[in-house]
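Sending over a structure as structure tokens; questions will come in a sec.
Chain IDs A, B, C, D, E and F follow the sequence of writing; residue 1 opens each chain.
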Amino acid sequence: MEISARNALKGSVKAMVPGVVNTEVTVEVAPGVEITAVITKASAEKLGLMEGKAVYAVIKSSDVMIATD
Amino acid sequence: MEISARNALKGSVKAMVPGVVNTEVTVEVAPGVEITAVITKASAEKLGLMEGKAVYAVIKSSDVMIATD
Amino acid sequence: MEISARNALKGSVKAMVPGVVNTEVTVEVAPGVEITAVITKASAEKLGLMEGKAVYAVIKSSDVMIATD
Amino acid sequence: MEISARNALKGSVKAMVPGVVNTEVTVEVAPGVEITAVITKASAEKLGLMEGKAVYAVIKSSDVMIATD
Amino acid sequence: MEISARNALKGSVKAMVPGVVNTEVTVEVAPGVEITAVITKASAEKLGLMEGKAVYAVIKSSDVMIATD
Amino acid sequence: MEISARNALKGSVKAMVPGVVNTEVTVEVAPGVEITAVITKASAEKLGLMEGKAVYAVIKSSDVMIATD
């Protein structure tokens, strides 16, 4: 499947925090660069996510903001 | 200002594509790792964005999806 | 690629309205049931979208609201 | 109330998974076509959601992505 | 129509900036308190938006971030 | 930090509902005008949120919808 989301950053799962409905997943996309996702627990299970697994962090460009110091 | 968005990735502006209402901004957050944002043109101007400028790509964790091959 | 977004509705492109930065894409997912997406023009071109093409409308469950009459 | 969200798909509640803060709601919008929403538990209660109830799945067009096989 | 989005702030349209696909709409929800929306031009036309019109700014709670100084 | 999100409404925390992964935070941005956010519990703790604290409700303009009666 190829998707219109402009951003698909390759990385691996660093940490997972499961809740009742949602699970928090942290992905390392470059040394020291991490992206945290909150996805449904059902999705985390469907994808077989676990620490170390190779994944992509996928983000629609309209969901990215820019900040300056 | 400190923000609840879990993800604030440091980088620099690589490219900008201005439209009428929106502007597309690409940020390099690590060598070869880029994130594209679509923000309003008014915001891009308010922040004084231009190629090379040091910025953060800010993303709420509920807007990040996880994909596997 | 398999993605954590809970919703991937199969359909075909019914209409496209291109802008400068964004393109509006309408997908028919069942007879008389349509979903409209606004994606970047670059994504629409990368995916080779055109009327009639078989596609999926993909939506993260945290982006869906429920309404009642 | 009429809303700017381009997508309001008529259907009925198929399943609900309540959490502490959020509730997952699955809506059937056509035979075999389902959309899953994660909304706050407070909203689910305010709307009186239950299995079988007639509802709309409402989605802003900027939150819809397009994917191809 | 009653909607699961937790936030529906009553106000009036202060300004509109039309683009090709999208229109930027600024709503005053209290004296001096404004919220800016970017919606599709088609939605702005369907709702008959114009300066001064009474409207609601509707926001899903998962799309709101919190910041501190 | 200055951010591209068009909307940063000043207010104070009125109520908090903690879950396992997420926390619901209600902010009063004008007398009688409230905005509810769902953010990760980790973010709520990092920002030191508590009732009465001065905060901003930050919203990207592409996440705001317009509704009419």
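As a convention for this text, a contact is a pair of C-beta atoms (placed from the backbone, for glycine too) under 8 Å apart; a residue touches a chain by one contact, two chains touch by 3 or more.
Only a predicted model underlies this, so the values are computations on that prediction, with no experimental measurement involved.
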Number of steps on the shortest touching-chain route linking chain B and chain E: 1
Common touching chains of chain F and chain C: A, B, D, E
From chain C, the most remote chain by mean C-alpha position: F
Chain whose mean Cα position lies farthest from chain B: D
Chain centre separation (chain B, chain D; CA means) in Å: 29
Distance from the mean Cα position of chain D to that of chain C, given in whole angstrom: 16
Distance between the centres, which are taken as Cα means, of chain C and chain B, whole angstrom: 23
Distance between the centres, which are taken as Cα means, of chain F and chain B, whole angstrom: 21
Sites on chain B at which at least two other chains make contact: 1-6, 8, 19-22, 24, 36-40, 42-44, 47, 56, 58, 60-63, 65-69
Chain-level touch network, classified as line, ring, star, complete or other: other
Chain pairs that touch, as defined at the top of this document: A-B, A-C, A-D, A-F, B-C, B-E, B-F, C-D, C-E, D-E, D-F, E-F
Of chain D, residues touching chain E in the complex: 1-6, 8, 37-40, 42-44, 46-47, 56, 58, 61-62
Contact footprint of chain F on chain A as seen in their complex: 17-24, 36, 38, 62-63, 65-69
Residues of chain D defined as touching chain C within the complex: 3, 5-9, 24-25, 27, 29-31, 33-39, 43-44, 47-49, 53-69
Chain A partner contacts - residues on chain F that touch it in the complex: 1-5, 19-22, 40, 42, 60, 62
